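In the two complexes that follow, subunit A is the common piece, with subunit B as its partner first and subunit C second.
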Partner chain A sequence: MIAYNFNWAVIWRNWDAFMAALALGLGLAVVSLLIGTIIGLFLAYARLSPSPWISRPAWAYVEFIRNTPLLLLIFFVYFGLPEIGIYNLDKIQSFILTLSGYAAAYMCEVFRAGLASMPRAYGEAAKAIGLRPWQRQRYVVLPVMFRITLPAVSNNLISLFKDTSLAAAIAVPELTFTARQINANTYRVIECWLTASALYLVTAYAIAIALRQVEKRYAVVR
Partner chain B sequence: MVLLSARDIHKKYDETEVLKGIDLDIEQGQVVALIGASGSGKTTFLRCINLLEEYHQGRIELEGESIGYSANGRRRKLGERQISAQRAKIGMVFQSFNLFPHMTAEANVMLGLTKVRGMSNAEAQERARHWLDRVGLADRRQHYPYQLSGGQQQRVAIARAVAMEPRLMLFDEVTSALDPELVAEVLAVMQDLAKSGMTMVVVSHEMLFVRDVATRVVFMDGGLVAQSGTPDEVLHNPQTERLRSFLGRFHGIFGPV
Partner chain C sequence: MELERGTFLYEAWTARWSLLEGLMVTISSSVMTIIIGTVLGFAVGLVLTYGMLPFRILARLYVDIMRGIPVLVLILFTYYGLAILKIGVKPYWAGVIALSLFCISHVAENVRGAVQSIPQGQHEAGMAIGMRFFQRLRYIILPQAVRRALPPWVNTALEIVKGTTLLSVIGVVELLLANQQAIARNYMILQFYMAATIVYIIINFSIAQAAAALERRYAYLRY
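Moving on, here comes the complex of A and B:
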């Protein structure tokens, strides 16, 4: 067995780079989740629409995204858009566009299930006091639905955060890409990948704990 | 003065006709109890009054205004905005309370006041407090529905509906989901409302309440009004075998003397 001599000094020397990369990955996940939430909400209402002209395209979009590997979608957007004449996205914007569109499909399914599981009783009570249709959504259905779906949204955020590692494939300087760079420059293979893994793990776990507090605070007890 | 009039109300679910031509006039200040076996159509009729159910034929008028459907010409459903405005004049309390689970008792009562009645928060809060006091829940204003007993939740639901100052209140088996010891507190609130002159339509199996509080009892059977009159006439002088056997289920309290 060959002895491996750990040299963590390399990691400390590059600590700022690791942190910046981690922050970028986290930022990409949060921004994509926010955009994906908004688009996903529209998609969910579209999928529940009685008109097939609205529900079918939404359904097709969601199934296309969910059944295609994310890496392929990233390549498709990053390399494909310039081919059809869209040049003005840098790689970070291109990745956000992809991850948002990807998140939207998953959020759509979360919200669709949330809306479908909403007891009709709340909507009827809202009708009975004379709230108009959009008011019923705005003040009763959506707030309750968001609370019901909060655990699933948390899971999605954690998944998206881990998925940001795929941005390394188009050289977005997030954590995986940065770890690979430092590794290439220093040959400290295990230290680099251990550090990156630990940072993903700690951050994802911290998100989970933080969101569990949020869930407790806003839980809807029925 | 006739407050609500229903003429020839028919409703079908697919091929099954559940309302077969209900005619009913309700005077201002009356407390009308709808009684009848389950499946007789009383809850469905109640829900037609504020358009939680659509009906296929007939007309309902509140103070002369056609509810839910256009009054003249071809029968056409009104727009959502108009229907919402009409519903705001009719309060409803449900069997399962249906409080908004993400809001405190006070916020439940305030929502309609601010969003439908256009009150300021301060005004709405004052009125919500007034009504929560009136139903005996002054000390539960900041509680969420899950922190309240069934009876307390139902009293909040009544406060929420009454605070809108509706012309008419509908009660759909509001004590059926309650533990027996909680029924009285809800009935007491309803009795208090009835005394204050509120016009009420009550679907209920609480026959003692019906006898003591209703000014008029309507027995429904098979989607039709089978008998209607004062509590004495209906409860003690049933005209049909169906009503006799229905009343017989209440342990001989009612029926022919």
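Moving on, here comes the complex of A and C:
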């Protein structure tokens, strides 16, 4: 018979560490999403460019990132950049760089689909009232596109949040790393991992519920 | 083989067996996970769609929980958790179990989506010609649903191939860890990580191409 005595005192004693770790993970996800959104937007326009000299490299970048395991990318950046003479990134900056680049590829796909699904009449209407190309994008296309893609963006935020667990591999003290450390120190295996899993789960669903409200608020009226 | 010492090719040739072994572990754990995940995920997916209410709630709970927890946490939980429960499994199997748990939930969700996307009229037509539930499933719903579930299923398979890199965290020497071990010997960081990246891209591209071919093969079955 399996006998396991729970001892939750360990968890309460380390509660602050868990919370700090969770906050760090959330922060990493949000920052990476923001940077990834900006780069991803440029990539999406690049992929839709008529010139193959612009669209092909963007395509290659997106396919490269999407077919490479994230853990490998993390190691590549963390251990590889010093090889080519970039020494001044600490592990958190290195991880943000990786996750942003990773997010950019996925955001590019989201925005590309969003731009492609824009009704042509929007652009034409903007042209008809005399907006310049840049103004058409700024005041007509982009606001609508952001609303269309909002659900996909919030899904990306949730998966990015889950992906921050991989930062544990380069010893960034986020939730997984902290749980593993407390696990190793106290040997309260089930309690530690149950807590970590529950925190991820609750946070992921909290983000989902919060973003559903935002989506409802900004839904496109068709 | 005449290669100059200290070049990448020489080092890669020296490490060829360990790298190949890593590749085999990556492939075998992916295949194992995808098979287990597909079979069980299919069953869970059908329960999600047609199961009795209590079973459906259980399946929904399982799927939602698995999809809300990072795979790495699942792997570590399984690895340390099984050990503390005195279930002695090798890291490889702990990893395959954890990845399968993840794979099941994703396949189940794909299957549910595909089955529910088949118009209700198909069911009714089957009923009208006197088919039983399982006959309708077997001859009408599933043949159509499987085709619709194929593209997301391929995405899940690619996720799993990429997910096997996480097994390196619990000490399974798969392709990534084999490369890291080679790097630890010769310190050729960029070259070996680049090589690993290319291998992963080749694997994933071939899967995607095979799936696209399969989709084209059945493209004539439009409805």
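Throughout what follows, the second predicted complex is superposed on the first by the 222 of 222 C-alpha atoms of A that agree within 3 Å, B and C clash if a C-alpha of one lies under 4 Å from a C-alpha of the other, contacts with A are read in each partner's own complex, and residues count from 1 in each chain.
Everything that follows uses one rule, which is that contacts are C-beta pairs under 8 Å (C-beta built on N, C-alpha and C of every residue); 3 or more make two chains touch, one makes a residue touch a chain.
These numbers were taken from a predicted model, which means no experiment stands behind them.
With the C-alpha superposition on subunit A as described, subunit C and subunit B fit side by side in the combined arrangement. After overlaying the two complexes on the shared chain, residue contacts for A:Arg132 are found with subunit B alone; subunit C is out of touch. Taking subunit B and subunit C in turn and counting the residues of subunit A each one touches, the greater count comes from C.
By the touch criterion stated above, A:Tyr200 is placed in contact with subunit C alone, subunit B being left untouched. Residue contacts after overlaying the shared chain place A:Ala121 against subunit B, while subunit C stays out of touching range.
By the touch criterion defined above, A:Pro143 reaches subunit B but does not reach subunit C. In the superposed model, subunit B and subunit C sit 110 degrees apart as seen from the Cα centre of subunit A, a figure rounded to the nearest 10. When the two structures are aligned on the shared chain, A:Phe6 is found in touch with neither subunit B nor subunit C.
Superposing the two structures on chain A brings subunit B to within 27 Å of subunit C, judged by their nearest Cα atoms.
Across the interface of their complex, subunit A is touched by residues 65, 68-74, 76-77, 80-81, 83-86, 158, 161-166, 168-169, 176, 180, 183, 189-190, 193-194, 196-197, 200-201, 204-205 of subunit C.
By the touch criterion given at the top, residues 121-122, 124-133, 135, 139-140, 143-144, 147, 218, 220-222 of subunit A touch subunit B in their complex.
Residue ranges of subunit B in contact with subunit A, taken from their complex: 50-52, 80-81, 84-92, 94, 96, 98-102, 111-112, 115-116, 144-146, 157, 160-161, 164.
Per the touch definition, subunit A reaches subunit C in the complex via residues 2, 4, 63-64, 67-72, 75-76, 79-80, 83-84, 162-163, 165-166, 168-169, 175-176, 179-180, 183, 189-190, 193-194, 196-197, 200-201, 204-205.
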